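Each of the two complexes below includes chain A, the first together with chain B, the second together with chain C.
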Partner chain A sequence: MTAALSPDDPAITARQRRLAILARTDATALQQAWDGLAEKPRYRHLKVPETGLVMVRARAGGVGQRFNLGEMTVTRCVVAVEAAGRELMGVGYVQGRDARKAELVALFDALALDPAHAPKIEADLIVPAQKLLAEKRQKRAEKVAATKVDFFTLVRGEG
Partner chain B sequence: MYVAVKGGEAAIENAHKLLAEDRRGDPDVPELTVAQIREQLSLAVDRVMTEGSVYDPDLAALALKQARGDQVEAIFLLRAYRTTLPRFAVSKPIDTARMQVSRRISSCFKDMPGGQLLGPTFDYTHRLLDFSLLAKGEAPQAEGNGGSVADALPQVVDLLNAEGLIEQEKPDPDDAPVGDLTREPLLLPAGRDVRLQNLARADEGYLLALGYSTQRGYARSHPFVGEIRSGEVSVEIDVPELGFSVDIGDITVTECQMVNQFRGSKTEPPKFTRGYGLSFGYAERKAMAMALVDRALRAEELGEDVTAPAQDQEFVLYHADNVEASGFVQHLKLPHHVDFQSELTLVRTMRAEIAAEREEALREAAQ
Partner chain C sequence: MTMLSSAPSSSAPPAGFSDPVQQSQASFRALLDAMARPGRIASIAGDIGRPDGVTQALAAAALTLCDLDTPVWLGPGFDTPALKNWLRFHTGAPVVAQAGAAQFALLNAGQPLPNLENFAQGSDEAPEKGATLLIQVATLQGKTAMQWRGPGIKDGVAMPPCGLPMAFWQQRAALSAAFPRGLDLYLCCSTDLIGLPRSTAITFATEA
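Let's look at the complex of A and B:
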């Protein structure tokens, strides 16, 4: 299956966007969205939620030789969700140790592949979450911008 | 030499109960929550994450609570915890140019694209104790003034790059191995990848002293802060189950690009050289000290004489880790009874021999 995928595939970029937003979405918001589903799909775990590490890499000088900065905790979960008579695989990788969050991300990742669920997930979960993240980011950027400083250079007196 | 001992279980258990009681302090004072430590002692949390080498603010805060605020003990706890976890992936290199900055300053240029952003800094505070913090007050609120910050700000050192006045950092080939001290022991001479990992995990106080020594003339390198920036960067990994990469969240990091003087050589015209520091969280002092020491450790590569401690790879890298250092220093507390008994016997024998010789000499002199 993966062999047919190309990184420029619009289906992949759409999925990457969803996963990036879901990973940053509050676990409570994800749970509420799940509780709000009219009908819960049947699913099974391909990988039960598990916490592990990702080694964070950086580059010398920001752009040069790669080095290992340190690790971060990450929790992953892989599910197979039954939708429209077939199984869809969903994957959740989230920062931290919240097993339920990883599971919910995986579930929504899978459900969003089902045309019957996709529009509702996009409208009710993804778009509001994205808006919230953008607002938070903008608010922070405005507060930081207010600390912008103009230093005046004074001529140093000689002797 | 330390030898294993048996017994003492009851005393050890009671000692740990006493530790737990003392950790809690006066029970009439409300207990600290881990969330309070994470939110209100965040720079302590950042240091534990950086030197513990695991980014997880909750766990670092928990470690601080358990360690009664002892940073090195908390770092040890986090390092021990990480050994219980599997590694899922190695991230793509984080892109600090695309950081959502909370702070960004340069001491080289007054005016730079994007400007100087002081952010949440202790700089320019008067270092007077703020007694208003003794009282419970309203949460202070920062405000904007109509401006905003770009999603990506150019690196200040690139301004020097444009004129060719500073050495270029070149990426290594994608298939080149990257050293990992959590998997392989430190071997000398160490490449810059291994040195930077070692320094990133290194004790802040140790790096601060070494960095300071370079400023005072031991490996003088005449540094300027090209740029310091703190903020959030996204972390991206290749997900094997999907066959493509996924952005899994943001981490806060602090980066220091140090710009240093360089005389030039027979083959190279004079140009500025660079030192690099990077930490988890807001650890500016650490990142700056790391950049100074990174530059000092490049002495050999840049054709400089290795004369000072901060330039000596073996000295710097083998003593940088506070978990190792603390372990070796503190193991002296453990029972060394047998070892000490043999030393005691030896000293007694030597003293007896010397006393006997003296007596003999006196007897001869008297005759």
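Let's look at the complex of A and C:
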């Protein structure tokens, strides 16, 4: 077994970031990126895509008691991709029931561990997807901000 | 790109069930039937990715029965990183160092077997805490050596030693006295398995 993993390991935080972006990326964008690969790697399933429920827990305001927010449908998949004579394990967890999307996320996760594929995936898939996500978030924030209501009380009889 | 410490190149375990839902249910059914009818052979079909040296029946039983809440102990011959990785990856079961702490034990009859008294037998109040042993044997055939009697067996069934030493069978027979405490066993060979619950009493041919 490998040594104990630290959550601060830069390789791990980079992978978390990548997976977070991939999981939120549109399935068609992932499929297009996959179709765009010059050479499809050979891979096998370690866990075929399966759908289940995950309990989402939260703390109000990020502090205080933890509570169960609710259950969420999640599909996961684990693949082993052949790259440069070895097998790289990739995992994909996505919201909803899209099995192919979970598979694609897992495939890209594995490929991104391969130095030969990593720069291309980062440039062609991750960075544009991240930009798109940021734009979406910005738009939503603006929409929400436009409907903001300030509550105030008029004070009578002043002066 | 730095080397990712969480994914060493050789860590990808064999695949497990290719169709987890159907196969685990079919396996569970086979395991239930085998335990309900001691001595009758149940078969596990389908394609199961597993580490070298592990038979189909044992792999199916382990994947079907073990989960996050069942500590597993690996006997001599099975205590390998490959098997540990595979089991943990697919079932999430914690692998324990103490045989007595385990709910399930994977044993290889090709290696020296530990004393059966080492395993958790449960208590009179909670007999279900007794361990279940999955034993991989070389054969389920052989010359008749004993009679099994008990629930699920009409009259009695003549059984071969199933590739296990007579000392093992003597130990198992001695456990009957402690019923309802005891151990449940699955004997796995290739794609076949036999169940042997603690309720089965064993008498040896010479005593009959």
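Here is the rule we go by: the second predicted complex is superposed on the first by the 142 of 159 C-alpha atoms of A that agree within 3 Å, B and C clash if a C-alpha of one lies under 4 Å from a C-alpha of the other, contacts with A are read in each partner's own complex, and residues count from 1 in each chain.
Assume a residue touches a chain if its C-beta (ideal position, glycine included) is under 8 Å from a C-beta of that chain, and two chains touch if they have at least 3 such contacts.
If you're wondering where the values come from, they're calculated on a predicted model, not measured in any experiment.
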Chain A as common anchor, with chain B and chain C clashing or fitting: fit
Chain B versus chain C as contact partner of A:38, first or second or both or neither: neither
First, second, both or neither for A:88, with chain B first and chain C second: second
Chain B versus chain C as contact partner of A:48, first or second or both or neither: second
Partner chain in contact with A:12 - chain B first, chain C second, else both or neither: both
Chain touching more of chain A, residue-wise (chain B, chain C): B
Which superposed partner A:118 touches (first chain B, second chain C, both, neither): second
Spatial angle chain C-chain A-chain B, Cα centroids [nearest 10 degrees]: 80
Chain B versus chain C as contact partner of A:80, first or second or both or neither: second
Minimum distance between Cα atoms of chain B and chain C in the superposition (Å): 6
Chain B/chain C common contact set on chain A: 1-3, 5, 12, 15, 46-47, 50, 89
Footprint of chain C on chain A - complex, ascending: 1-3, 5, 9-12, 15, 44-48, 50, 80, 86-89, 113, 115, 118-119
Interface residues, chain C side, partner chain A - complex: 1-13, 15-16, 18-21, 81, 85, 89-90
Residue ranges of chain B in contact with chain A within the complex: 49-50, 53-56, 58-59, 82, 85-97, 100-103, 110, 115-119, 142-149, 155, 157, 168-172, 176, 178-182, 191-194, 196-197, 200-201, 234-235, 237, 239, 241-251, 253, 255, 257, 274, 276, 278, 280, 294
Chain B-touching residues of chain A, taken from the complex the two chains share: 1-3, 5, 7, 12, 15-16, 19-20, 23-24, 46-47, 50-74, 76, 78, 89, 91, 93-97, 137-151, 153
